[in-house]
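In the two complexes that follow, chain A is the common piece, with chain B as its partner first and chain C second.
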Partner chain A sequence: MAKITLSNLRHSYLQNPKDDADWALKKLDLEWDDGGAYALLGPSGCGKTTLLNLISGLLTASHGQILFDDQDVSLLPPDKRHIAQVFQFPVVYDTMTVYDNLAFPLRNRGIDEGTVDRRVREVADMTDLTSMLTRRASKLTADGKQKISLGRGMVRTDVNAILFDEPLTVIDPHLKFQLRSKLKELHDRVNRTMIYVTHDQTEALTFADKVVVMNMGEVVQIGTPVDLFERPQHTFVGHFIGSPGMNVIPCEIHDGQAHLSGQRLETVNKSSASTTGAEIGIRPEFISFSDHGLPVKVVKVSDSGRFNIVEANCDGYKIKLLLEEGAPIPSEDAKIKFDPSSTRIYVDGWLSGLEGTV
Partner chain B sequence: MNKTVNQKAWFLVLPVLALVAFNAIIPLMTVVNYSVQETFGDNTFFWAGVLWFEEILRSERFHASLGRQLFFTFSILAIEIPLGVIIALAMPRKGIWVSVCLVLMAMPLLIPWNVVGAMWNIFALPDIGLLGKMLNGMGIDYNFTRQPVAAWATLIAMDVWHWTSLVVLLAYAGLVSIPDAYYQAAKIDGASSWAIFRYIQLPKMKRVLTIAILLRFMDSFNIYTEPFVLTGGGPGNSTTLLSIDLVKLALGQFDLGPAAAMSLIYFLVILLLSWVFYTLMMRNEEQ
Partner chain C sequence: MSLELKQVTKIVDGETYIYPTNLHLEAGTFNILLGTTLSGKTTLMQLMAGLDKPSSGEIWFDGANVTNMAVQKRNVSMVYQQFINYPNMSVFDNIASPLRVAKMQHGEIEKRVGDIAEILQISQMLDRRPSELSGGQQQRVAMARALVKDSQLILFDEPLANLDFKLREELRDELPRIFSERNSVVVYATTEPSEALLFGGKTAAMYEGTVAQFGDTGEVYRQPRNLKSAQVFSEPPLNTAVVHKSENVFKINDDVSWPVAKAYEHISDGEYTVGIRPHHVYPHRMNDEHIAIEGVVQVAELSGSESMIHFTTLGNSWVSLSHGVHAFAAQEKTTLYADVANCFYFDTDNKLITA
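== the complex of A and B ==
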């Protein structure tokens, strides 16, 4: 049990990294509270697995420090860090029974059999493995094996954090939901820090209290699922989270105000007067058809069940709207209105200025 | 759906059938034929029933060579399998040294068998061979042409030198196919290197090791060329393995009937032992 602090952490797989692209993980400063449920979310290759392996000690960082509480563990090997990790592909010790698998981490540490037995039965009970304790681990299905991996992590009492590296990749879709709820339930029960790496926004947003969104080796935003949805700090977060993702439309800036198609837009934030490369970011949920506003041409309507996704064209830019089923959709020429409290200016991808400057 | 039935397709199998008949079935049946008959030359044969089989199974000479054969096979298995695994574990997993090691390992396998025999024969000669001369120079009385123990030691050393590579290559293939996650999980679980070997590497190598053991078993049970060139079965009969004995019986004494019976028994012994090995090693998989 510990608070995890990453300070000035950088990592490169190369001996002598030169430019930005050589760093798998650019500068990182983070603090994770004890007992929290965190998710690392990002596309493949964004550095999230690297970060996880740095924390567990499977990799040693090129620069920076990792602290568990106040102890610097940057150079400690994995078994000294008291970390548990569940991998993408289930790892079980094939020749052992489920019981022996769960007991393995304890026996390796020379714990007496009485305690081992008690802990194994406790954990088997939590992970629904009790009825399978005497079976050979290799005979279990993928989700059963993943439960064993998880159980091996939870069986130790000294674990600082449990790390998950896309643990549901090989699980059947209908079992994914079950296993995810189980994880959430276990987190509430054992109250350990859990860090969950995934590229699936649903998994991240349902599991975590706080989500760390990563892209190209850096953290773009840390926040609650609601933060990420309602106040994206970066256009990447807007794109990556939500379905369909946030609309990002290039705009002109006059006097710090965004202009689109010659019209001035009400926005949450402002920009400095002479900015180039500015964009407007607004989620499809916060755009509606209106009698006056931005003139657009409706191009396409697709039905996604409870919602209709409307694709409109404004000065050559594509804008998506999300309308509840049954809401009237004009054909061809129409006008749309942005909700000012959800319209933001982004410069070079990042949210411009400070919030509340309207 | 209507399937067209065309029996003419059977003709396509004929060439293979003819080939197999010529190189396997007909020779085998000839042997069976000889094994139940007696001949005094002139190409005249008399029915002998199971006489030769009884004679071979009761013959002390056969018992002795079978005993030597079993001793040889189990000795080389006991050395080559663990040694092969140890070398495979010590080999690098990435970098340029991988190919260097693999090529080095494959070398002995590429040398023709009788060349291996001749090489070791000269290498071990006590008066001029590098090994023989060196051992004698160190004060060890070594002469594989006179001493049965020395002959056996040389024979086993030669087979280990020649064939351990095969075990190494198979075991190495098994090792490199283990995903990294297993090692990472073991590190996190605090497993010792022995535990990693015992619970990850060995179980994952099981299939390739089964193949290695079966191959080495069958090959060593059939071995002829190398011991024939090295010791010729001597000194005396001390290194006369089954195959050497069989050739002596069949081509030296020209006892066709007993030799044919011995061939069949020899064949059945290999078949039986291979089956026993395979069943024992695969037993756990079935559970």
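== the complex of A and C ==
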């Protein structure tokens, strides 16, 4: 196990990168604690897999350093970094039994059969593979094979970190949540550093203690799931997390206070000077219908089972509300109010009052 | 304009893939096939498209019997989970190809391609080749090509499954709007109940080759006719337990029982299955009427705003889905609270007991 440090890390797939767009990963300085559960969350193309491959050693960074416990591993290949990796597609030896698949990494390193047996059974128990140990790996379903990949990653005790690259991609949707919660359970039990790459916020937020939100090669915000949900530092984070995401509505600033549709809004933060590029960020969960407030027109109601998603129009801007099943919804003209403790001013995308650094 | 399946079956090598199915699907609304993998959605769609012939039964489209009509003669478009594009053509040409085959005017082609590209957010990519695009963008090109034809029957087989979470959300918002103005029968297969609910329209809940229920989506969700239908439409899975009714008490065991509501007083004493959705099971007491149940936590999944707690109780695995962050340690014993005013009862044939 190790503390992982990324120092001044940058990466380009091109020989002579010129401008910003040539860098898959822009400047990064990050530290991962021993034993933590982390997620790298972002849309396709944001750089999360590039980052994961730099940590594992599948890619060598074009600039900067990677340290495990203060030891520079930047130029070490994957097998010398003691990293286990679980990919999107299961990596199993089809002709071997499940037992032999799990035993492989240990036998490869000359570990005695007694220890091998003990470790294999421990890991099989943790991944619900015990009843299949004698079966040929080729006979298992996709999620069974993915569990073997997972098990193989966990069977060694000298592993610095286990890296997951969108591991639930091939899993049946109705089985996804099982494997997802199993991964969480495993981390709780085993306490090894785990880094999980995904574009799926549910996977990231339920698995990780800390989530690194990325976009276009940069880290936008790092925080606990609650931090990211309740205090997004950038409108991208507010929009990306939450389903539906945060409402972002252009507003006017007068005397440091936000105004929308001629009404002054109470917000958590204030904005200092210029009024250009100012927006209000408020999550659909924190808006309610009321007798006094912003006049809107209800345009659409979507039944989401336990919620209703209401789309309303205010001065041409679309605002979404999330209401509990059964809560009354006015039919057309209505008034809404924002919870002041959840309403924030953003300028040029960043939370006003922040210098824009993470 | 409608698509009708009359006693359609599909049997391959003695194995039944589709049991006798009757469906009447109208144009102007989203018709959703909801079910887990291998429930028969794709097989049924292939029969609808004419890519496969039913073992028995008939398929009628717009008043004509098309059962034996080859797919090329049918006016149908299909979008698959794995996007398929012509690698050597530009995105524009990919989308335009069916229109060129139909010998449409150039000006009209440009307009149609432009419109659909805008809706699917690929206008900037019209000059590129598919290989230069991300997976999500390639899928949108495939969708654009299927949609630009304006077919009378459009089949979507889990088209959003390979796309980013956020992109899926955005496209889900767009799709019904694209179809509301068309006179086509649209059939959309998905494994996600939330997707079916957000689309609205009508849903066929499918299970192992059978349509368990078909009707307005909201109605199928709120009034499942049987246990299978309720289970298909629940994510996380429906919490169930065996309950005995005796006089005016429902009892699971000596510690868990509750009075029979007036609406159920008429049903006979005996064994039933109670089904409670995860969001009606709480980690804290919300209301005096809720029933306390002891359980052991397996894992607590906390997202920024909700908690999904998996635990074992009453000999089963149950899930509670609630607002807010409720942390629990693994193996922690805890009490959960079930809202029995919001549950389903099924008889020993798994049919819903109506109040």
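One rule holds for everything that comes next: the second predicted complex is superposed on the first by the 349 of 358 C-alpha atoms of A that agree within 3 Å, B and C clash if a C-alpha of one lies under 4 Å from a C-alpha of the other, contacts with A are read in each partner's own complex, and residues count from 1 in each chain.
The definition used in the following text is that a residue touches a chain if its C-beta (ideal position, glycine included) is under 8 Å from a C-beta of that chain, and two chains touch if they have at least 3 such contacts.
Computed from a predicted model, the values in this text were never measured in an experiment.
Q: Is A:233 touching anything from chain B or chain C once the two structures are fitted on A? First, second, both or neither.
A: neither
Q: Given the touch rule stated above, what does A:146 touch, chain B (first), chain C (second), both, or neither?
A: After superposing on A, A:146 lies clear of both chain B and chain C.
Q: Which touches a greater number of chain A residues, chain B or chain C?
A: C
Q: Taking the superposition on A as described, I'd like to know which of chain B and chain C A:91 touches: first, second, both or neither.
A: After superposition on chain A, A:91 lies in contact with chain B alone.
Q: I'd like to know which partner A:269 touches here: chain B for first, chain C for second, both or neither.
A: A:269 contacts neither chain B nor chain C.
Q: Have a look at where A:44 lands relative to chain B and chain C in the superposition and call it first, second, both or neither.
A: A:44 contacts chain C only, not chain B.
Q: After superposition on the shared chain, which partner residues are touched by A:109: those of chain B (first), chain C (second), both, or neither?
A: first
Q: Based on the A-chain superposition described above, do chain B and chain C contact any of the same residues on chain A, and if so which?
A: none
Q: Over in the complex, which chain A residues touch chain B? Could you list them?
A: Chain A reaches chain B through residues 53, 56-58, 77-79, 83-85, 87-89, 91, 93-96, 104-105, 108-109, 136, 149, 152.
Q: In the complex formed with chain C, which residues of chain A make contact?
A: 43-45, 172-174, 177, 180-182, 184-185, 188-189, 199-202, 205-207, 225-230, 239-245, 285, 302-306, 309
Q: Note which residues of chain C are touching chain A in the complex, please.
A: My answer: residues 36-37, 134-136, 161, 164-167, 169, 191-194, 197-198, 200, 217-218, 221, 235-237, 277, 279, 298-299, 301-305, 308, 310, 321, 325, 330.
Q: Okay, in this complex, where on chain B does chain A touch?
A: By the definition above, chain B touches chain A via 179, 181-182, 184-185, 187-192, 195, 199-200, 203-204, 284, 287.
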